[in-house]
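For reference, the structures are reproduced in the following blocks.
Across the two complexes that follow, chain A remains constant while its partner is chain B and subsequently chain C.
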Partner chain A sequence: MTQIAKPIKRRKIKGDSGAGYAFIAVALVIFALFTAYPVLSALIISFQKYMPLGSKFIGFDNYIDSFKDPLFWKAIKNTVVYTVLTVPVALFISLGVSLLILPLKKKLQTVFKAIYYLPAVASGVALSVVWLWIFDPMPNGIFNQLLGYFGISNVNWLGATSTSMFSLVLMSWLSSHGTSIIIYLAALLGIDDSYYEAAELDGASFLKKLWYIVIPCLKPTTLFLLVTGVIGSFQVFQNAYLMTGGGPDNATTMVGLLIFNNAFKYFEFGKAAAQSLILALIIGGISLIQFKFLGKDVEY
Partner chain B sequence: MKRKMRVLASICALTLALTALTACGSSSTTKEGTPEGTNNTNNNNTNVSTEAAKDTITALLPPVSPAYQENFSQMEKDFNALYPNLTLKIEPASWEDMTQKLDTQVNAGSPPDIAFLGSSGISKYVEQGMALDITDAATAEMIADFDQAPLEYMKNGTGLYGFPAYMEVHALGGNKEFLEKAGIDYKKIQKEGWTFEQFREDIKKGVVSEGGKTSRYGFVFATAGVASKDYLAILVKSAGMPAAFDKDLKFAYTSKNYLEVLKDIRVMIDDGSMPKELSSVDAGKRWNMFLTGQTMITGKGLAVFENSANKNNEKIKANDGSAVKGSIPAEYIVLPVPSFAGQKAMASAVVDGYVAFRGKKEPTPEHKANVVKAAYFLASGKVAATTNNDLFAAHITKSGKKEAESMTVNRNPDNVAAVEAMLATASPARPDIPTDLGAKAIKLEDEVIIPKLQALIAGEITPEAMYDAVKAAAIQTFGEDGVVKD
Partner chain C sequence: MALYSEHTGKKPLKYARNTVIIIILLLFALATIFPIYFMIISSLGDPVEAGAMSYTLFPTKISLESYKFFFDYSDYSLRWLLNSLIVASVVTVSNVFFASMAGYAFSKIRFKGRSVLFAILLVAMMIPYQVTQVPLYILIVNIFEIQNTYSALILPGLVTVYNIFLSKQFMSSIPGEILECAKIEGCNQFQVYLRIILPLSKTVLAVMAILTFMESWNTFFWPLLVTNTMDMQTIQVGLKNFRFANTTYFAPMMAGATISALPMFILFFSLQKYFLKGVTVGAVKG
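Let's turn to the complex of A and B:
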């Protein structure tokens, strides 16, 4: 039986497609090297007892240990509390500030945008040093001096379990809204003036316009900021690491900090990798829920 | 023109992608093929065929003393003059990022040959198999040069993993003027020590309050930040618990004496002798409080603080604005830690030194011998004498003592005598504690003891609650039979 050799089809790179592949290659290579490969490595390491001179496969032990560890659950609880307290308020503040900036002249808008974005440019470590100074527990600390004017005695902001989480939340409330403000402002500028004109003809108040025009029109932006805010908040590490070190009594130990400690303090890279993947799953799950319930009528 | 631009842009994009790939590839100038045929660091086992073969030894060193890092190039030159075939390559690191830098290199399998670290940190590198046992490479002359007590700290099990740089005691520091005003006979205390009961009464005398506001405390110890481990760890040594494990390798902090120390910690705050905000006081803050006269006694105290206080006093005299803001002249007095629960006082010894590391490949005997030569060079003779004088630390090598004879140090002789007395009763090294037990104890300390101590100091839990939490965690970690029951 003879087989007739089929001519091999060669796909030719025609016209713009070559340039297209070249451009995609940049992103693809960077993604493969700095995202896909580390994630795959983390997955493999999560089933190992990592040792520089040769790791050992230990199955699901790292996952089981993590689920049995009360500190892991405490860290998850702390992270959820931090997220619930910071993200909605951050959205509210960003929207409020954007609404205040919106009626201003373009130059003034730019000035305010720059002012609010400035902390994002500053080093997180430098900002933390300033905040440590603000939260100085002694009576001459900045916040404590303010309290002193009202006859309230000094508070041990970062050193007591009752106030340490609130202090980190307060720090989040009072900083780092620049990006959200710029995004909200861009979205606000994208709302067609005809909506407002029609509403004004109907005699709508500011609050009515806000409720029936601004908030629905901003829904895609709000969803984006909510999802990215929750993801960022779940990964929070720097504030706890620099401000409290997770203390006191692990009251501010977030999952990110716990993972860091397991990896770089105790060299338990397997456990850290397992906890990172659990965290990724949690974040993925929450993001899915957010899209399902809040993204129903959102058009992109 | 349009086509040319497209091609050019595509080439640029591909170049960028390939650059990213290239950056991740292994370099041809890694340790295996160093320039000039030198045998750089511990991964190498080639090119060393004769005793005089060229070799490079790398060292990761923090600012051990105030002037230490200024001398690096001189140290490299002196080493090369001593061993012309060897090059000492020093990589400086700050104290803040020293551990992280070292750990990253260790976990990547390419640590420096030598790193400066505390002896308590050796066990975790031994557990990983990355610390280099130099027992067979250290010559008898080198070993004989060191005092035995600090050398023991560089051991783990039967292995020797480096050479000690100094042996210090974690003590307390007092302001001479305030101690005298409070009627405290500090010279007697320096010689004879004190009990907690005596200490408690004395620090009460140092408190200055007016209208409900305290302008000076009797005692302030740093308990936040990097110093968080020190406070309790130092105090329990003088309560009959010189190490986390007793001689039978049972976890010691379940002893009733531990509870007594916790009660005493709380009572000093309740007395008003220590600030109620103590849980937020870090090392920098409490030193500032000492220099500005906000506390009579501070902790932890190291001999080098006398040097710092003296320097600040000179700056105050010079009146050039370089002194610490609001500081007052303060003569630093070394004081021992009091004894607790009727036990004998035992000073908390700290031994830091030059630890040897290996890479993924076993180093050649020649390279190992060269690493030992470099570690010994750094830990003895002129380098040790200069560094320890700068630190006001005692010399622990014969060669260092000899070199130091010609150097002058402006120290209070009473302080020198007090430190020597404490060194004589310092907690001994415990190389017998297995690395896995040591690692578990460190994790228990980090995850239970320190967090609970912070809550105790903040007044949020009782000493009994903390003791119960520590005991429960210890039993869970070491088992019912693995802890002390008294």
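Let's turn to the complex of A and C:
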């Protein structure tokens, strides 16, 4: 007996560690090469004036230059404005819509979920092509036609400093809700019926139930959507790049686009790396604050 | 008993309420769908310059001329689709395979440094992609010198941390007893993975495959950086170039956009269940 049991036991203990490393080997190599190394490298590059053959160490100059650059501050301001205008509204709309979907039959729920999710399936490039024509500044642009019915004259949506940021915000209001609607709906369906029953015994109205049961129960979901929403919004690049190119007069230049321009338009790799690390710190800081203030009684 | 009153005994009231709700939802659905409807409808128009035409929301005739125009624009239009397909397929297969292997190791195999390594992965997930983009570009272009190749498009995406995290989360819920039994029966770790873990994780792996494929198909930023000739571009980059070269040709542009989005629409409608599942799978944290 012992002769049979022994080798099996030994193989298990010895083999496990080796098997563990074997199983993560490929993932680890890819991660080390294409994520870990670039992060460390970004840190180094951010202290250098990058040149293809032998970069020069210049200390904190890239960081200091960035903070002295009015465009960097403008980009941060634009990013904050964009985030403040889009993320809370998106949460509000998706909560409202998912509350409306809730009482419907399962089949109808799925139909609406699918419809609202559809834009998320299309590529950002395809959508930007369409939205460019919706925002066409000519009188026969879709939005301008719409305004025409109300007797409002042409708006140069993406072309004027006063409306270009609002146009990007409007586009976000009307497109990207599918994901958060579905997540909210799943959370709503997860609220236990006994809460409602207890509330009804106390004669609570719909609004009371909404305020005292639904909103607190959805807090973890809201926090999750808020944090991911803000993180995503701070990194926004594609829409600004494809729709306005940051213009006019940098009115829609956001940090993501500024970093891209510094890196791949002006080839100031050091500056781009420094700014990207500042962005990472800002995002980390904001996420921490959100968890601290909103996550107090949220359990994970 | 639920959030909404059932209106028991007052059926008409319930119907009236649901009708109002459905109307509101339909209006919002209309606003959401409109750009896509507009894209597809307009792509069926003639390829004339924009100045000479006006937009119609209801087409009077259907023509595929604009699609022909898009494909005639460059010798490589079809190649773009093929490139996207190759890149997305390879990335998807390798993610499903390697991320699930890593997920299995992180959830079920005890080895030294496991929790530290996993913590590092989690932290890395929070780093914005802007941080890695410059060094990654230097690595691919200046060090490996593989710019404008399939390797450059594929390699950085072979396994994503998010997918490792996803499969680890799911596999943690598989009871360890099953695996112990298999080991006692004489399975080695790889057999356990192949014969027990993979079959049990089918759904989550399907979700992962679909989301990865979609993301890879739609990705624009990385292919834009590492390709510089038309024959290596993906459909998204090609569409962008087409747009900049033909700013006045409205219908062909819409045709191009439709071509880039259509494969995903087809995939979405045939595998809708997995798509919708995929949204919540990532949001529910353990």
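The working rule: the second predicted complex is superposed on the first by the 266 of 300 C-alpha atoms of A that agree within 3 Å, B and C clash if a C-alpha of one lies under 4 Å from a C-alpha of the other, contacts with A are read in each partner's own complex, and residues count from 1 in each chain.
Note that a contact is a pair of C-beta atoms (placed from the backbone, for glycine too) under 8 Å apart; a residue touches a chain by one contact, two chains touch by 3 or more.
Worth saying up front: this structure is predicted, and the values here are computed from it rather than measured.
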(message) Let me test your reading of the model: by the given contact rule, A:M254 touches which partner, first (chain B), second (chain C), both or neither?
(response) neither
(message) Contact-wise, after the overlay, does A:P52 reach chain B, chain C, both or neither (first, second, both, neither)?
(response) both
(request) Return the chain, chain B or chain C, that is in touch with more residues of chain A. (result) C
(message) Tell me the contact category for A:F264 with respect to chain B and chain C: first, second, both or neither.
(response) both
(request) Considering only touches as defined above, state whether A:V169 meets chain B (first), chain C (second), both or neither. (result) neither
(request) Considering only touches as defined above, state whether A:D16 meets chain B (first), chain C (second), both or neither. (result) both
(request) Please indicate which partner A:Q235 is in contact with in the superposed arrangement: first for chain B, second for chain C, both, or neither. (result) second
(request) State whether A:V26 touches chain B only (first), chain C only (second), both chains, or neither. (result) both
(request) Would you check which partner chain A:P103 touches, where first means chain B only, second means chain C only, and both and neither mean what they say? (result) second
(request) Considering only touches as defined above, state whether A:L226 meets chain B (first), chain C (second), both or neither. (result) neither
(request) Please identify the positions on chain A that touch both chain B and chain C, taking each partner from its own complex. (result) 16, 18-19, 22-23, 26, 28, 30, 33, 52, 264, 269
(request) Spell out the residues on chain B that touch chain A in their complex, using ranges where they run on. (result) 6-7, 9-11, 13-14, 16-18, 20-21, 24, 100, 103-104, 106-109, 124, 128-130, 213, 224-225, 228, 275-281, 360, 439, 442-443, 446-447, 450-452, 454-455, 457-461
(message) Under the stated contact criterion, what part of chain A meets chain C in this complex?
(response) 12, 15-24, 26-28, 30-31, 33-39, 41-42, 45, 52, 97, 99-104, 108, 110, 112-119, 121-127, 129-134, 140, 142, 145, 174-175, 177-179, 182-183, 186, 188, 191, 193, 196-197, 200, 206, 209-210, 213-214, 221, 224, 231, 234-235, 237-238, 242, 255-256, 259-260, 263-264, 269, 272-273, 275-277, 279-280, 283-284, 287, 300
(request) Enumerate the contact residues on chain C facing chain A in the complex. (result) 1-5, 17-18, 21-22, 24-25, 28-29, 31-36, 38-39, 42, 54-55, 98-99, 101-102, 104-106, 109-112, 114, 117, 120-121, 124, 126-139, 142, 155-156, 158-159, 161, 164, 183, 188-190, 193, 214, 217-218, 220-221, 225, 236, 239-240, 243, 250, 253-254, 256-258, 260-261, 264-265, 267-268, 272, 275-276, 279-280, 283-285
(message) Using the touch definition from the top, list the residues of chain A that touch chain B in their complex.
(response) 16, 18-19, 22-23, 25-26, 28-30, 33, 50-53, 71, 135-139, 154, 156-162, 245-250, 261, 264-267, 269
